[in-house]
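Both complexes below contain chain A, partnered by chain B and then by chain C.
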Partner chain A sequence: MISSISNTSITAPLSKINISVIALPAALIIMSVIFSILDPVFFSGQNLITILHQSSIVGIMALAMTFVIITGGIDLSVGPVLAIAGVLCAWFLQISDDSVLIAIPATLSICFTIGAISGSFVAFIGLPAIVVTLATMSIVRGAGLLIAGPSLHLIREPESFLFIGSGLIGGIPVPVYIFVVLAAIAIFVQKKTTFGVLVSAVGDNHRATFLSGHNSNKIKIICYGLCALGAAIGGIIQASQVHTAAATYGAGIELDVIAAVVLGGASLMGGSGTIQRTIMGVLMIGIINNGLGILNVQIEMQLIAKGAIIICALLISQLDQRRSK
Partner chain B sequence: MTILLSARNLTKKYGSLTALNNASLELRAGEVRSLVGANGAGKSTLIKILTGAIDANQGKVLLDGVPLKLGDPTTMLEAGIGCIYQHSNLVPALSVLDNIYLGRQPVLSFSRLDRKKQRAEAEELLLKYSLKLDLDAIVSTLPTVRQKEVEIAKALALNAKVLLMDEPTAWLSHTEVNNLFTTVRNLQASGVGIIYISHMLDELYAICDSVTILRDGNIVEDCAISDLTRQELLEKFIGKTLAQAATKTNQHAQKEHVPEDVILRCENLSKKGEFDDISFDLAKGEILCITGLIGSKRTELMHTIFGSNSLDSGRIFLEGAEYENRSPANAIKHQIGFVPEDRHRDGLMMQANIQDNLLMVSHDKIAKFGIVNQIKVDQRVSKQIKQLNITPADPNKIVSKLSGGNQQKVLIGKWLELHPKVLILDEPTVGVDVGAKSEIYTLIRKLRDQGTAIIVVSSDMEEVMGIADRIMVMCSGKKQGIYNAASISQQKIIAYVGGEAQS
Partner chain C sequence: MWLLKNIPNRELILFFVITSLIFSLFSSTFRSAGNVENILIGFSHLGILAIGQALPILMRGIDLSVGSILALVGMVMFDCYIIFHMPGYVVLPIAIAVGTMAGVINGILITRFRIQPFITTLATMAAYRGLTYAISGRQLVPESATQAIDDNLLGLFDEFSGIFPYSFFLLLIVLAAAQYILSRTRIGLDLYSIGGNPEAARLCGIKVDKMIIISYGFSGFCAALAAIVMVSRMTTSTENLGIGIELTAITAAVIGGISLQGGIGNAIGPVIGAFLMGVILVGLTLTGISTYAQPVITGVILIAAVSYDRYKYYKLRSKNSAGESA
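Entry: the complex of A and B
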């Protein structure tokens, strides 16, 4: 049967186009065209930058989340981690006399550790990731409120910190650059490093990875650490953007992050998924939010439309996967 | 006897490739017909048409003279064509009874299960076909052969008149195969027509009446199996050259065991509940076959040596120095390779491509600071694909899309990349077609001649007698003995395997 499969794909490449592969890019283009027709403002260069800007925080978190989902796990705690990162950063700035070089690395390492701890429970004890990170979600939110209380904390200083979220380089907001650079790094890690290969291997067949001499627990723990790191970067950008930190930020953001990854085609069963397609998923959600906003659709309708579009996109890829089986 | 199933002029095309060309096949009530062909010959296409998984471009299928709608699994099931697949389709956590009636239990009002009726019907069924099953046993606790029987009962509960059995013995040991054959003969006597697919020639001759041979999508032979010798049968479906290579297996030059060359020595290995006081040694450039029944704990012993199973007492020496079986990582560091029995569960990343699988144990070595060197990867992978004759020769092909034989080659290739000093292969040819089998044997012999110390765990006597230099027999966790392959008969080995004391 092998020869038959390869032969057909050589002789009839056009008839074998995989709908699940092109569905997402096609949907991106179709939606852009529709929004542009409905309101030409959508297609302006300025608005495209705005879309990227609006997507950057969810985007950065989705890059890291992709690795966790490829291992067959999930991390629900990214919202509270985003919030606590802002709070921690504000606090470190205060006690370190506004030193960004102390505050940011300290925040990032604490958040990485939080992720690694959830990862350890998943890896060593074998608890389901959804339960562990649900618990982490609650603990981190609680810890954030304990540190910062329910109030907003203003961050006026230093300039260098505010530049991260609000600065412009050549007219383009800094968070866009951060997203693009991190995306490039994530693609490189996935495609060109042994770590990238092993992340997929762990999600695909945990036992075979172990029997191939690899420490699959370590890989899982690093992935959860990275996921929290992504959330922490998102939290720092957000705190810098709005000049405030609060323990209540980021509620519900995990839904957008996970939706972006899943829209990109990563399987929640693990083993498959790519960073490039996650980026497409991020753009998809960004375009929906932005386009509906430009069209002045009520927020209630926006939420419903967003959900419907996500379901449709997933449906198309799922139907096609079934047919090819 | 009456013709039960008749497939007429079936043709199936995929694009420009004809997978099945004008194939016709007849099956009588009470007949066991074997369907033989190398991978890609059109066997699975024919089976898929008969089960309704795919439609045919031309031709029809008649059951009891009534034409059936093709490409519809429900039609086929309801008409009475059942299929026992190679891999289990049972729900392991449910009882035998629930599995037999899964999804179509007799019900009372308000969807309450009619337990009494269900049990009565099942008991009647088991009696009718002389199946001995405990209806209340949980499927996961049953040995593999019993699970196969549950699948058979499940098909029969649907009033199957025709049973397709796709490699039903692939995961069974010697005695279990005999049990299954008894069941098949009972079915035969009650008038069920059976299409039996297997790569084991022994089985075909033991159980089948007639044979249909497929090659490149065409039916090349349709006759009583007694009309063909083994050699003729092999030549018909794999072609002359490969057939010669496959039979050469039996004319293999055994190597003497040289005590000075011992590389791995195991002393008094014991683990409670698994194996007890096992000692053996293994020299460079020899093949030690470990054989025994399922449950003789051969696999557990291998996992212990490899470090993925623990040890209560005993010592292992590698190249004269004491070796600690800490972990697979440690074994790999010492160049011990292990091709596990269940390639889907323990061996391969099914969603990953050939390249990533081939380099799964060795990519750390060809990466610098964790960054993959694509040029070196390409070189290694293409060399390995060529050496092992993996088809298609495409490093980016996803492993789950390969045939069993090619998957096995990828798995073996992964360990060859380690350049192992000791290579353990657990049932290396289960579910592999005859062509790939002989290629794997050739490869194992070549490795031996290059000085690799090899352990092959196998239940297949033909295989053991064909490739072993020495044979170790295990029976319920104990060593029965070690024998030189040249000086022991197959019959004796089989007797020892069954636990018979040595004379």
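Entry: the complex of A and C
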């Protein structure tokens, strides 16, 4: 497996204040204050909705990715899955006479299957998740290009499809509602269902979960399926937002998604991570992108800043773990 | 038979020969000398990158930032030559130093702060790409974009000696050096020990952190050499140089028998892996298969290669445990 050669301890004493727990909310507040001082526009109700709107696609994908990362895996193929979902949806709309009720379920089930297939390679053959999904990333991207070519495909109809990405309810964009509802469902699944507990158990100790009579392979496969499902929902929202589908969308988006989850404190070794903290990570990335955009920072500096901020956030949590050892 | 058993990567070489024979039967262009030249010059830099990638993977790590280091080094060469008018013999050492430094920074982040290699290099992948845009001479001095890098020394790797391009000789030198270090020196022994069992290696007194920094530094060094070859061939550089090439380099290394479990592999395998991918991709293009099918095929080959690696690992393990019980 790809793993760092580290000897960090996982358990921290409960008695003292855990820096890694409060670091992220503190960083969120500090960054918001700094951006608000530099440009008051940042701290307006309208901009807060904009931040949520901008981070909704990455947010939805990060919710699903959290489950995969908790099992100790990773899914790099979310970008191409996002693209192929848009392409498939456009195609299904075309052949089903603009029936959203056929196109969206069909797209979602195909994408779930794609995820489940990479999950099977990870679960049954025991291949490293990073390599399997690196390969499916390449395969799905190529398949998308074979289906749709490199060109943009316009989606003008039907209204109900375009409403998903660009509609407003009470002045708030629909993707924000989708993100909030899915976040609530994901929190419920993680906290209140057997599946949520089993996901953590598989990540913590795969063998022990198997020996206590649970089908740990099935859980892994479902997690990868869900991750692709999240990417597909993101893809449908994006296609509906920009009224086009293309096989080239979503390049590099996996970096943002994984960064959001890891910023939220989920360990890539598996077993730890919660949906709430992932949402904080998503907001953090959203605030960085939005704030740097408002301040007119150039795109190249944004890339450097994002890399640096992610590394700093990880440093803080690592330092804390080492101190508590 | 005894001799045959001692050839390294014999399954891979056999597969390479069979694939080449099949394509030669189906395409008359494929079996021409011109095509051999094409494959040699088109994939030598990939071979160099794959050797570089082999070291971090041997140590159970991974280096995703090689594509961005490649672009960074390319842009440094562009700036030095076109904007600052430095001669080729000054540009080359600067380029190599920049690439090695970028790799060493990866290594320091991984060892000092104990961040997982995958995340570190994912972050530096974004950061180095951003840095490339930031220092891009094409944007700072727009009229420079159309000027070519026409230095004799910097254009060396676009030239041929017979059917062999100079970049292929560079690959052979890197290969010989890497294989010598891995199999004949203390550093190589330490690398294998750490890859096999990091904790045991640490307890034996091997400086694990230093070796990790060396391995990422070497990966950056190889990325710099690959950048020099690519810039030499294109006579210019762009900000988008080498996007996605890390996938191909990792694939070549894994096909070449560098085990992701760590501690298994040699320097020759990745080079054969790189040229095998070259043969397959060029062969498919020449037999008229869409270029969009290429990423699909690359992905399938990667999965097949790791599955085989896994199979060998299981077989080795079951053989070992059988030996213990007997």
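A few comments on the model shown:
Criterion: the second predicted complex is superposed on the first by the 310 of 325 C-alpha atoms of A that agree within 3 Å, B and C clash if a C-alpha of one lies under 4 Å from a C-alpha of the other, contacts with A are read in each partner's own complex, and residues count from 1 in each chain.
In the analysis below, contacts are C-beta pairs under 8 Å (C-beta built on N, C-alpha and C of every residue); 3 or more make two chains touch, one makes a residue touch a chain.
Please read these numbers as outputs of a predicted model, since none were measured by experiment.
When the shared chain is aligned, no partner comes close enough to touch A:162: not chain B, not chain C. In the superposition on chain A, A:49 makes contact with neither chain B nor chain C. In the superposition on chain A, contact is made by A:306 with chain C only, not with chain B.
Touch criterion met: A:128 reaches chain C, while chain B stays clear of it.
Once the two complexes are laid over each other on the shared chain, residue contacts for A:152 go to neither chain B nor chain C.
For chain A, the partner that touches more of its residues is C, with chain B and chain C as the two candidates. Within the superposed three-chain model, A:201 lies in touch with chain B and out of touch with chain C [touch as defined at top].
Residues 1-8 of chain A lie at the contact with chain B in one complex and at the contact with chain C in the other.
Touching chain C in their complex are the following residues of chain A: 1-8, 74, 121, 125-128, 130-132, 134-139, 141-143, 145-146, 149, 255, 258-259, 262, 268-269, 298-308, 310-311, 314-315, 318-319, 322. In the complex of the two chains, the chain C residues touching chain A come out as 59-62, 109-110, 113-120, 122-127, 129-134, 136, 194, 198-199, 208, 212, 247, 250-251, 254, 260-261, 290, 292-300, 302-303, 306-307, 310. Within the complex formed with chain A, the chain B residues making contact are 14-17, 19, 39-40, 44-45, 306, 308, 327-329, 331-333, 338, 340, 345-352, 356, 359-361, 363-364, 367, 370-372, 374, 391-392, 394, 401-403, 406, 414. Those residues of chain A that touch chain B in the complex are listed here as 1-8, 11-12, 15, 192-195, 197, 200-201, 204-205, 207-215, 271-272.
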